[in-house]
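Multiple structures follow.
The same chain A turns up in both complexes below, where it pairs with chain B and then with chain C.
For the complex of A and B:
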């Protein structure tokens, strides 16, 4: 009996939490169907009938799907490269003993503390000199150096990858890169999936850098495009269209999340070693 | 190091500007091909007057890149492209990020954009950093007097060099209900009603009269804010708090404490609702969010929670000329019952100012575009129609449309009214300190009216804030 009550309370709390997390999404979708005036005047969960108007208004400003394609062109390679090279770096730092290991790790930690906005003008000038303005290269390549991801993966490798596994591979004649790909990657994939999700969301929502680097409308990524909805004489009118744009733009994030989260769960038990 | 770089860039910008200027002068006199500019080539219009569209450069296939924070310029750009054949590329950037974007690009040595814009509060920094090219070198001086004076002045840097021009004016006016005016004051004539707002003590009297008649003068107590700049905050390096400032403070406090407004917050739901008719009179506690039983941002809940509260109709709103469009969209059934009259002083709010990037390589085309937007009567006519009632800055266009009536405002001829208001604005009273000092003053008023601080304490806090933000100012307490 007591167990049932406890469970009941637990479920109630969990359902409440789930509601708190999901209601904003619902609200976003409902608001996507309402007009700007309605949104600024009240708050409701009953959809209105302005979806089509919002759609037309939105596409009057820009083509959302072009923005989505651009964002994918940036976010997918940036995420994959970031995860792979961070894994490689973290593995090296965690598994090899060499002079300067600690110094390099310390330097990586130190770089985590520096906000990227500081070097904005310098970065812009560098890109201008290299003729990379208006290309996606400055948005993708720097993502390879992700100190936060390296730090996280290194700690993960130290705690979950027994060195004996690698030794066994070496004895069997695997070279270092081979053992990284065949043995280390599967074991650290839950951590990489976690950082991959973070990285993808970060790259997808990245606003400041694309806003600075990209100067052609047709190259704009989604967040930069959506910001232009605010640049109108009557911002209030565009509220519905903004909600619609946001609602559509989270779809890829949800998809990525579904895909990667399966990984997180399924890989936790993989790669065990018998002590 | 940074300073050095900046100076170098500014110098380079100036050099480029003067080079381009030489170029344009050359074309002006001899009509030869532009030497410093790139593809923009022969400008035939540099020497002509305001010019109708026929005088614009005939199709020559130049290119122009516009970076703007208001979507308006995209429409201007499209029209310019249609008429001249110049390829116009407009990039719209969110207003809050616009300064960052422009600063990075120009400091990074970018030669595109050609056209950059700014709102009045951004322009000071832009000018100081040398982002805007000198328009006088391109011939802006010839057009002095064709644009409403205060707009012309806003576009000048501290040395009086023209760097930006706006296509619109944004003087402030009082929007009032004609039917209520007739009932309470026996007239709805804008000149007569304007007298009811002529100074702060009179506004308080008007407010009391209206309350006795069962109305409220304003929905919020922020309605006179746009008019409060009738003396400069800083005179000769010293903070200047004029008597009018104190009168304004007292008026806001009296309006609030004397229960003379509907206690709505500007831009909140009840504030918008007050434009279309009856609203419940909120309490001071609701306005301050101390009483959370009423959600002022939700219409349905709001109607339910305030069903028992006394209802009233609001008499007036104080907004700049772009309020014409805001009101039009929100007045609902009271359309036609409104009028516009002058407030206690002249004031203005907002506006988009167009200039040329100092690094642009197509300054002549860019200057032609600015003339097209701001000094061309055909464009002005088109813009008035296209924007459905925005107020342009070209005097001849305002005069041409002076008899145009607006049905939302009981057939009042608004353009001549706005012109008169704009002519009264004295831009010398505007300083770069206004935003910070104004906000601090507003905070002081806020804490007095709600009783959080005594008048004396609040004013001392205000002095302290200003002193710590601008140590260079002399403050006579």
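For the complex of A and C:
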């Protein structure tokens, strides 16, 4: 076979695989506009006109926008706190020599490898004791101590921040915190954005922890609400509404991806290369 | 902490600056101790107690650990996890590896990596709850679009298709979940491998090409050996994640489903004793968490050793 034909076959296979990735989402969008009866009788890629019906039916059960608002109330502060304090910690570890520096760094490495399930029960017990069940505090505050983010930012600071810059600021009489905010933050902001977007998506999609911490319907984040919806919705009768629910839950994250895919890809790449 | 540091003699200006370090890391350390270190140690402590839900408990030594190791349902859950994970990982890493080979091939020089990369990664972005909801609806054996689609295709070729209950039967449920899991994660592994390939200096490839090395020699002698650390990283992270598998099987199979017994993972087993009303035995669940951790640790170390030996 010729070079061109082989290359053509490779492209064909790559595109096929891309379609496999997209097909479920396409079916989801189309089915969100069809009635339950239509969906269970035939499949098609042509939208129907039941979108409004499905919408009304879905929101009879749950107001997904409340879930979305709750998810934002968790994910936005958690992301901002995580990015800022990780930057602060990473800078502290990278630029200052003090007792315990190495111990902290060792603990960070260790906790990057420790699976999350190990702390789950103790974490829940702690939150119960502190009366934090059904609040967003346990979902937001721990973001301040994100070992993975600190590790990544520390490497970034060591490789891209010339110490002479800070020394110059010291000579000019700048306070250390002031230098951090005015000099360091702008320099490391691309790395913080990268980690921040991944953090946002992680927080937005998180299921297990919010499910354990939140027990009241009106507090549910979107993933928890989706899981409850699945349990309470008779899927056979409400297929259209089901697809619509999934579509609504997926769209915000697709939008984020459209704008930030570059950052997201580069953060995964960085995760691999750092080792 | 900052105070304690200030009490020390300021030997030089440099040490004075260095004391700022305590201030910078203080918020992290405080939150880390409270929300990460304490819960891990607390779980360890509770694993030696007979705590049920809340209230009084006493130390019972290694009783919980004995019980975990004696319980056949734990071993069944471990076997389920490993079985699903192996199918998942073979598909996920196999596909990622093939894609990496295609895109790093020196002869074909495929275009469009940025676009393909984004599309392949897309399933990984979606919340597991949404993926589970979407697929359990698509795969419903009577009403689901997936079976109807296969049926339509079969009909056009004059074949008969008996709808398969993808998620409801013991024979298929585990594999179905493994395939969906692979669908979610292969793009992620692919991006990591590709990042590794792109990190290899172009000089190596050019030098090899000048020496007349063929593309397979280049792949086997340059790309693969230099990729080993990243392959190890990908293998270990997917191991840690895979043995903690929870969201998809938990969300796609209700406890009443006939296939539940074949997809209950260790994390689902832990969840049952840790958090499901009516069956909560906190002490026991804590022991399950530590047993799972020990298993993950052992397999990771084994994996590391395996990779190391190849390097010699």
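Heads up, the rule we're going with is that the second predicted complex is superposed on the first by the 191 of 275 C-alpha atoms of A that agree within 3 Å, B and C clash if a C-alpha of one lies under 4 Å from a C-alpha of the other, contacts with A are read in each partner's own complex, and residues count from 1 in each chain.
Rule of thumb we're sticking to: a contact is a pair of C-beta atoms (placed from the backbone, for glycine too) under 8 Å apart; a residue touches a chain by one contact, two chains touch by 3 or more.
Treat the numbers as computed from the prediction; the structure is a model and nothing was measured.
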TODO: Examine A:137 and indicate which partner it touches, taking first as chain B and second as chain C; both and neither are also allowed.
DONE: neither
- [ ] Mind working out whether A:43 is in touch with chain B, chain C, both or neither, as first, second, both or neither?
- [x] both
Task: chain A residues touched by each partner, larger count belonging to chain B or chain C - done: C
Open item on the list: One more residue to check, A:216. First (chain B), second (chain C), both or neither?
Closed with: first
- [ ] Using the superposition on chain A described above, determine whether A:227 touches chain B (first), chain C (second), both, or neither.
- [x] both
Task: Which superposed partner A:51 touches (first chain B, second chain C, both, neither) - done: neither
- [ ] Please indicate which partner A:80 is in contact with in the superposed arrangement: first for chain B, second for chain C, both, or neither.
- [x] neither
Open item on the list: A:20 in the overlay: touching chain B, chain C, both, or neither? Say first, second, both or neither.
Closed with: second
Open item on the list: Quick one: is A:29 in contact with chain B, with chain C, with both, or with neither? Answer first, second, both or neither.
Closed with: neither
Open item on the list: Quick check on my understanding: which residues of chain A belong to both its chain B contact set and its chain C contact set?
Closed with: 40-43, 120-121, 124-125, 128, 208, 212, 227, 230-231
TODO: Note which residues of chain B are touching chain A in the complex, please.
DONE: 65, 67-72, 89-97, 100-101, 103-105, 107-110, 112-113, 269, 272-273, 295, 297-302, 322, 325-326, 329-330, 387, 390
Task: Residues of chain C defined as touching chain A within the complex - done: 5, 17-25, 27-29, 31-32, 34-43, 46, 54, 95, 99, 102, 107-108, 110, 112, 116-123, 125-130, 132-138, 140, 142-143, 145, 148-149, 152, 183, 187-188, 191-196, 198-199, 229-230, 232-234, 240, 243-244, 246-247, 251, 254, 267, 270, 274-275, 282, 285-286, 289-290, 292-293, 296, 300
Task: Complex contact set, residues of chain A against chain B - done: 37, 40-44, 61, 120-121, 124-125, 128, 133, 208, 211-212, 215-217, 227-228, 230-234, 237
- [ ] Flag every residue of chain A that touches chain C in the complex, lowest number first.
- [x] 3, 6-7, 10-11, 14, 17-18, 20-22, 24-25, 27-28, 31, 36, 39-43, 85-86, 88-89, 91-93, 95-99, 101, 104, 107, 111, 113-126, 128, 138, 141-142, 144-145, 147, 150, 170, 176-177, 180, 201, 204-205, 207-208, 212, 222-224, 226-227, 229-231, 235-236, 239, 242-243, 245-246, 249-250, 253-254, 257, 261, 264-265, 268-273, 275
